[in-house]
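These notes open a run of structures that come right after.
Shared between the two complexes below is subunit A, which pairs with subunit B and subunit C, respectively.
Right, the complex of A and B next:
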């Protein structure tokens, strides 16, 4: 019997995680700072999931990902400050513009390996340069200030716990979308593509279309995250959407574990906490990052998810509790 | 006309910086298949080491070039030996590329820690003194860079084609497994590649830093050097040299005749277009692979 994708998703562990995240703000009601950090983590978790889809599952080493994050943030900022668009419309426009950017980038997908990595990297650089230089539209290095908070059904979401639920819903929605995608025929084709591309083409799978779809979906996700960031912080400026952010998000995916969706979220949380904790070091904070990147690549190539798997399999579980066995 | 010639000289000077780094990129790519993101930062370290030596000792420029080259060559080897080799054994290529990004971040921050944030200017005797030749200002460092680049290119070309070690290097790049079966110690060959490219990067760092300044962000030039090596066809030493000079010219002309605010955008867009049309570089064989 086939199991529906939702039944696969809705395991005991997933249910516990969702409920725990849903009630978390009740324990943090007086702690706006922690909530704000959680919200930032949520935005980056959205990015990490999007990159997990493109890079982890699709093998597309998208080194310019933060540029698309910026497309969403700037679109949203422009439309809400200069044209007074309501938030939901600006949010949708942000996703569309980011997806349009992906369409512009898509010819690059013909390139392979080093050439693709190079071109994607340069594409990200171009976007960052545009944010810095095209002052008439982007305000240059200053960026936008005073972006109104997201408004839904006439309610302005200013309180961090309100924003938390908005982000929670967005993240859960994205997770379900990607999960669904991976457990559809598209996901099967994706696996086949990874295993043997030539065989995959021979069997009539349109590999180019799969790669373009991955790029479009992941970019639209980055656009959505950008729009949420703009509404949440109230300001945007170019450095957020440059090379260092692309690297940070890549690091989240890799540390969390390539081809693991929960891993991407955990990776996002860990990296954000590292960035936050080491910011007291000022300009030297990045060295932690570099060392972490090198060590993680050398000793944890499968990331935290791989580590967790190894620990779980090493524990002698009683037969009843053995993970991976579905209770009938 | 002198205006145009002046731009050409300036463009070639900048281009020769790109060339020196691009040659290193290409060598490493050729020998190990690695996209080495930390390579430009090795050049930056070279500029910093050169600064310290220059202020302490006031040794002549060629000596600085060699000393700094040796230091950075050693550093480059150490990174390969202790950073990359253990990972190469496990054969995760993408992980290796990401690890080079990590090394790049580490090198930049080490430079920040040791030398601080302020741009450092070399002491007076090292600063570029332009001489007027036929209405053109010629800076010796620029000539030196051009000369060193050309020399390195010729020596490397001869080295790769004529010597046993060079052929072993090429064999390693072509097919590591077969090379190993033929008795070539490929790990040693790769180490040699890192030494040579590190030496060049260190020396180039001294030349560059004495013209502009020594600072932790000097490695940013590396982005252009990447572009240069791609222009010339990744993995071709002569192509990297030519690509660097071409990019320097294009960029200077673009800034002069079009727009200086958008010169980088122009250069990068051009780069992507060239990659799409000729993925093997301007001088590489064949057009885009049909997909």
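Right, the complex of A and C next:
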């Protein structure tokens, strides 16, 4: 706790990861397909990080998460196509609308565990229904086409590598935000709440307030991701924001490793790759997907982050390089 | 006598078919050490849960420093100056000692997301010192990286007291502080509770260890089947025929 949050974040590992991701497009100059896939992964990594905050750290099993992703995407699509808002304004509005949706949802935070999860799931279903049925605003099942690409400082970001950097900055910003949240008195209260809620409450922690905050922040993050997705793809349609996406994002968190921020990002990448690779199978892709996940759960109960920890501890590091000695 | 710091008026708690606390009146004077005793199932812990707000009362009123807190949430009561511990220590096993205690600072410095992102953790150094002070006061290890769950039972109990003390409570509810402690630890605990009182904290304690209760408490309230059946100084209570009958049983008075 005495080490500043930034000193904790900025380790050799983080530096290598950030630099590697920053220079990656230079090696993929002519490979628009791979860049497009990376961009999609980045959007889902934002979602996975947001759900990691709410579910992994806060214990809020938000099964309607994709609905908020949709709130951001539709808000951004509407404002940029019908009202000609500039992208940054539409982006901010997308976050606000998603957060407002979370305010509407917040009363169900009174429920716990499975009850909350079911209510949240239904909340997501209702949002999906709205996207499908409220044709006057959402264009129904057809959705929006021709959404202009994000424009920043007068530059239109059409090229996949430009979009890549926009998403990279958004993802890094989100990561730092969540990292800082977790390494603050708020983060301490959050971890304490997960371990022993009763003791927390009688020690003066307003548990309800923390839960509402988590829902708001994670929803705003989903809204931001939705806005980026709309600008990046140029179209939005209801199936993207349905329950199967909520489940996929949950799988990213669980496969990556609950309560691991890098795990959420890696989980997002792995799940996206599995979805992409099996899409040629059509309906049958779910079988491959399902079997892969069952195997992961059976052999990697702590997710990929747990596997990485096991490998790192198994390596006989020389004392000078021993990982984790500086951190705390 | 000055106004009681804790005032309980006709407080009842009914669970389905069971009245755990039945019309209890209690007034605890500032600076007092009040013992709450009674056989198992007498409603002592339920009473603590009602005072700290974990359960809503079925009837009655609770005031803290003259202010009614009956409908308030537990965290609001904690912020109003009420600290408590539990029968089995309710610590945060995977948090460091420092964080375990720092959670108690939430009363005075509510942790918010906005503060976390934009704030500079003003007063963080003060907080660090306060936590270190309290850890020292309770003779707990000051190794900041040590996890709460790594402590032996007796130290976990003190860690819980530390968390309650760091919020600067005016009233401290201790639920069986001596349970599970060895003789030496009990001696230390009694000295500790004396020191806590010297800091101006009013202490209410539930305890089965009669030696602790009789030598430490200024006044004792006896509960049986949810009702208060006696109250007074240790001498008065130990001679009360109702207490002997209901709680101690025949012949047990000799042991006191």
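Just so it is clear, the second predicted complex is superposed on the first by the 325 of 328 C-alpha atoms of A that agree within 3 Å, B and C clash if a C-alpha of one lies under 4 Å from a C-alpha of the other, contacts with A are read in each partner's own complex, and residues count from 1 in each chain.
Operating definition for what follows: a contact is a pair of C-beta atoms (placed from the backbone, for glycine too) under 8 Å apart; a residue touches a chain by one contact, two chains touch by 3 or more.
Keep in mind the model is a prediction, meaning the values are calculated, not measured.
Taken together in the superposed arrangement on subunit A, subunit B and subunit C fit without clashing. Of the two partner chains placed by the overlay, only subunit B lies in contact with A:291; subunit C stays clear of it. Contacts of A:108 after superposition on the shared chain: subunit B is touched, whereas subunit C is not. Look at A:24: by the touch rule set out above, it reaches neither subunit B nor subunit C.
Contact with neither subunit B nor subunit C is seen for A:34 once the two complexes are overlaid on the shared chain. After overlaying the two complexes on the shared chain, residue contacts for A:254 are found with subunit B alone; subunit C is out of touch.
In the superposed model, the angle subtended at the C-alpha centre of subunit A by the C-alpha centres of subunit B and subunit C comes to 80 degrees, rounded to the nearest 10. In the superposed model, A:308 lies in contact with neither subunit B nor subunit C.
In the superposed model, A:217 lies in contact with subunit C only, and not with subunit B. Touch criterion met: A:185 reaches subunit C, while subunit B stays clear of it. After superposing both complexes on chain A, the closest C-alpha pair between subunit B and subunit C lies 8 Å apart. Across the two superposed structures, the residue set of subunit A contacted by subunit B and also by subunit C is 208.
Subunit C makes touch with subunit A in their complex at residues 52-54, 73-75, 77-79, 83-84, 86, 90-96, 98-100, 102-113, 115-117, 119, 121, 127-128, 144-145, 160, 163-164, 167. Subunit A meets subunit B in the complex at residues 61, 107-108, 110-111, 114-115, 117-119, 121-123, 125-126, 129-130, 133, 208, 247, 250, 254, 283-284, 286-287, 289-294, 297-298, 301. The residues of subunit B lying in touch with subunit A in their complex are 29, 35, 83, 86-87, 90, 92, 94-99, 101-106, 108-110, 112-113, 117, 223, 226-227, 230, 234, 261-262, 264-265, 268-269, 271-272, 275-276, 279, 288, 291. Within the complex formed with subunit C, the subunit A residues making contact are 1-2, 177, 180-181, 184-189, 191-192, 195-196, 198-210, 213, 217, 328.
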